[in-house]
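Pasting the structures here.
In the two complexes below, subunit A is the common chain; its partner is subunit B in one and subunit C in the other.
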Partner chain A sequence: MSAPTATTTVRRFDPRAELGLIVTPVVLGAVFLAYWGWLGGQDLSSQAESALTTTNLVRQTGEQLSITALSTIGVLLIAIPLGIALTRPRGKRFAGPALAVANAGQAVPAYGLLVLMLAILGGVFGRANDNILQNTLGVWLGPGLVITVISLILFAILPVLRNTMVGLTQVDQDVIEAGLGMGMTRREVLLRIELPLAVPVMLAGVRTALVINVGMATLAFLIGGGGLGVTIRSGIQLSQNLVVLTGGVLTALLALGIDWIGGVAERLLRPKGI
Partner chain B sequence: MSETTSTPQVGAAGMVSDRDPTDAPVMIHLDGVEKVYTPGAAPAVEKLTLDVHKGEILVLVGPSGCGKSTTLRLINRMIEPTAGRIIFDDEDVTDIDANELRRRIGYVIQRIGLFPHQTIAENIGTVPRLLGWDAERTRKRSDELLDLVGLEPGIYRDRYPKELSGGQAQRVGVARALAADPPVMLMDEPFGAVDPITRDRLQNEFLRLQAEVQKTIVFVTHDIDEAVKMGDRIAILRERSVVAQLDTPARILSYPVDDFVDDFIGSGSTLKGLHFERVSGLAIPEYPVVRRDTPREEARRILDMSDFRWLLMLDERGRPARWLNETHLADTSRPLHEVGPVVRAVVERNATLHDALEAMITSSAGQAVIVHRDGTYVGVVQIELLTEVIGRMRREARKHYEDLEATQTTDTP
Partner chain C sequence: MDGVRSLIGFIADNTSGILERTIEHATIVLGVMLVATVFSVVLGIAVQNRGLAKQVSLGTAGVLLTIPSLALFAIFIPLVGIGNRPAQIALFLYAILPILRNTVAGLDAVDPAIVEAAQGMGMGQFQQLVRVRIPLAWPVIIAGVRVSTQLITGVAAIAVLVGGGGLGAYIQRGLTSLGNPFSIERVWTGTLFIILLALVLDAVLGAIGRRTTSPGIR
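What follows is the complex of A and B.
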């Protein structure tokens, strides 16, 4: 009997992982402050000055984050129910085709997907003002952002869908058998056993989707969706390396920060005991 | 073997039982239950009619693929039968809601299937929660059950399954199955995945538990030894779950009805049968005994007059001390109570004949001394006596089947 060691094994305490979770935001913050301080000391051209106003950068960061958040929420709303459906006895035969479609979504080059979506959806948002999407989401968020979000949902659906399916199918059949054998309904088995046990794998997929989305959001400027890509583009067009660099650094810090949040979520939401 | 008394292998619910399990009312009645997976193909379970009586452990045993697990799963409708009725305590449950039925039946599978993300207490509380018990009652019940299966609630209640050893997990599996106090338990090779030593201990514990809780149990195994040990009755199944023989372990071992059963129970069935008779049931003949203070000449006279080659010397408190034969009596260099091998092979009166045989084999005199609980002498068992018992068991079992056949022939004109 292993009484004394018991509680420590449950949490699976890994000092390096714990340390990573604490150190990452500190390092990211320090890098940000250092860069900001260094940038302040640089002799900026007027063009750079006007591109790098705090208002611009804050707005673009906000846009980048909304694109990330909205597209990730969209991904979750579609991929998780779909993943559940495709692992049920009746849905299993559609699993292959569905994964093929999701694979294709991710295989299309990002730029291509954005332009394609603009071509398909642009008309919806561009012309008809009586259109319900245009009158609601379009007005509220701007048509570019909506199209970006839809594209990113298509782009990032695969990891969540695949991990939901893998997470659910890898649940020990004996555990499911035991649940059913004790008189749990299929639904109770799904909600109380299968999903909690699939959570770690699903969260890994969500984290991947988050990182894809925050990175891809940088391309939203291509179709007028805003984001930090706007600053990078201005820098390139004006040949202002500091502007490009600033856009790049902020994008990278944002991506790392989002990844960190994903890591924290994985840690906090993983059920105890597994 | 030490000088201490040998106790029967199994405790309260031991292998020796005079109770006829079929005297109890029928708890589960399978009436022509059949499972056909592919229409037209051979059924997995063929028209099975079987009664399980209240409070008995009925073991379904048979070679791999004979359909014993399928049969078990037909009872709680984890597999839906394609024909036949399942009667549960006089209620036809063939068409009722399967989930509702399963909440009334404890179910233990080989790989246990504890929920890894739930604590032991939560695992045990599964069925109570489904039945809508309040938290307090559920908590009390899981503590009670942990106690019952020999796990300290204070230590184990809040642990997670992965912190348990195989044997502990199996106990929790049994506790979980007992949670809502179901009258019936279905157990599918429940002790199959643990090491032999742990298995033996779990089996003994379970038999003790069963003596206390008196559930109606259907138990599946492929191991005839486990079947013999656990079963009040054994159903030996051949392909498609056809019952080859259904009877008490003692009778099956003494009288296998056909070659299939004979092959399946394998060699050593006679030895296994000795588990079912107790020493106390033997008619023990007189045996020559001397006391520690018996003079040498007197001892020699007793040995000469008896038909035996050994004398048994008792100590001053009447406990068996040494074996003496001709040679020892002739050895005058030492006092009589210092010559001759010390008696080591003693068995208590309630020991099984199997224990007695084991004692005999290890004894230097080739015979086992029977003692009272306090160690005082009762008698001596010899191999011939066991041979007689085996012969009697065989005759009785054969007669039982002949009588059975006779009644069947007279019943059907």
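What follows is the complex of A and C.
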């Protein structure tokens, strides 16, 4: 798994990058159609046929997307407020230790983390039927999916947390003082000056988190969370290369599509003027 | 506390097996890193001065890193079968971007005045590269190698899912036997030794980086 390195670089306006945002979905769509067409012409074994039904693939894609979406929302809800708190005067002294913990977490192999979370949380979501979490989230989404989402949140917090902190601390002190001088309260300065100026860096972190999440969602099948990894695994178990390849290609296209959406969001949500 | 004691007990009882898997894991990582470093540094040198080639190779390496690891492993199975091979190819592709990016950035950062001075001293293109530009970019290149090593040491844990070896085997055994004795100990063993291996490799690369950096810029 993939834990791509968190980036703090923000792409400035670049015609080539703009072009990439338009070309990418066309290329991804074309590759998808070409692969689908090629696969249709192949002579599939009955095992491959039953693994590659449209219903299966659509359901797994849906699972992968919900895991990615839920964990990314979770990351945003935790990492952004935490990042803000750690850059306020009272929270600053915890900033170093918090980043150190989050950094160390990155070295943990995704596979190990997922299984450990299953072992630790399995009791909460799997066995105890009178448990409130089990009866709500667990029933609605399935315990494997919930545990996957929690693991992914832990895994993808770092880039968003770090970029939120970097984005906020790099805001020019003079600008903040100008805001205070205009009679803004601390809160107004945060909401109307600091956060908007930090948004480009924060969005770069969110995009990294999205890529980490969609990648790790491929491993959700290991703990019963579904996703396209199921197709890859059954292909390996049945020695059906076409099934393995289809799982791999669909996952890759999905991840690149998600990254594209992240890129578009990065472009659209960036405040005008910076 | 009981859990820690039984984990220590498990590790103590299985030292030779753990050592074997750790060496297996390290062999996969080091082999991949050797090839990836040579490839990415040479590619970085080749494209650094060519705008379009630079954009295309960095862009491609970025796309490769966006593809989920298991998917990338899977795509190579039809070509090379299961085992370590698909994992090695995928890990190699993963390792390119950090090294390539840092090679290009390191070379970009070399002061043109220094290169001109080297030229003025009568050095040819090749000598300028080997004796001036690469030594000056070296600390940045090594930093990229360290990032890639960390990354693929962790990702190599899933090599076991495509029939490969390494410390992921402990995690897999633990997962398939969850609920039985020593299952959670196996998972912890696999996870902890992967982290440990990543830390050791990073420290070794850090030391190599310091020793091989020209004294003038140390």
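FYI, the second predicted complex is superposed on the first by the 260 of 274 C-alpha atoms of A that agree within 3 Å, B and C clash if a C-alpha of one lies under 4 Å from a C-alpha of the other, contacts with A are read in each partner's own complex, and residues count from 1 in each chain.
We adopt the following convention: a contact is a pair of C-beta atoms (placed from the backbone, for glycine too) under 8 Å apart; a residue touches a chain by one contact, two chains touch by 3 or more.
Keep in mind that what you see is a predicted model, and the values were worked out from it rather than measured.
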| query | Can A:272 be said to touch subunit B (first), subunit C (second), both, or neither? | reply | first
| query | In the superposed arrangement, does A:193 touch subunit B (first), subunit C (second), both or neither? | reply | first
| message | Contact-wise, after the overlay, does A:119 reach subunit B, subunit C, both or neither (first, second, both, neither)? | response | second
| message | With both structures fitted on chain A, tell me whether subunit B or subunit C touches more of subunit A's residues. | response | C
| message | Quick one: is A:181 in contact with subunit B, with subunit C, with both, or with neither? Answer first, second, both or neither. | response | first
| remark: Intersected contact list for subunit A, partners subunit B and subunit C 1-3
| query | Of all residues in subunit C, which touch subunit A in the complex? | reply | 55, 59, 63, 65-75, 77-78, 82, 94, 98, 147, 150-151, 153-155, 157-158, 161-163, 168, 171, 174-175, 178, 183-184, 187-188, 190-191, 194-195, 198-199
| remark: The answer for subunit B against subunit A in the complex is residues 76, 78, 98-104, 107, 109, 111-119, 126-127, 130, 155, 159-163, 165, 168, 176-177
| query | In their complex, what parts of subunit A are in touch with subunit C? | reply | 1-5, 16, 20, 107-113, 115-116, 118-119, 122, 211, 214-219, 222-223, 228-229, 232-233, 235-236, 241-242, 244-245, 247-249, 251-252, 255-256, 259
| field | subunit A to subunit B touching residues, read off their complex | value | 1-3, 6, 9-10, 172, 174-185, 188, 192-193, 196-197, 271-274
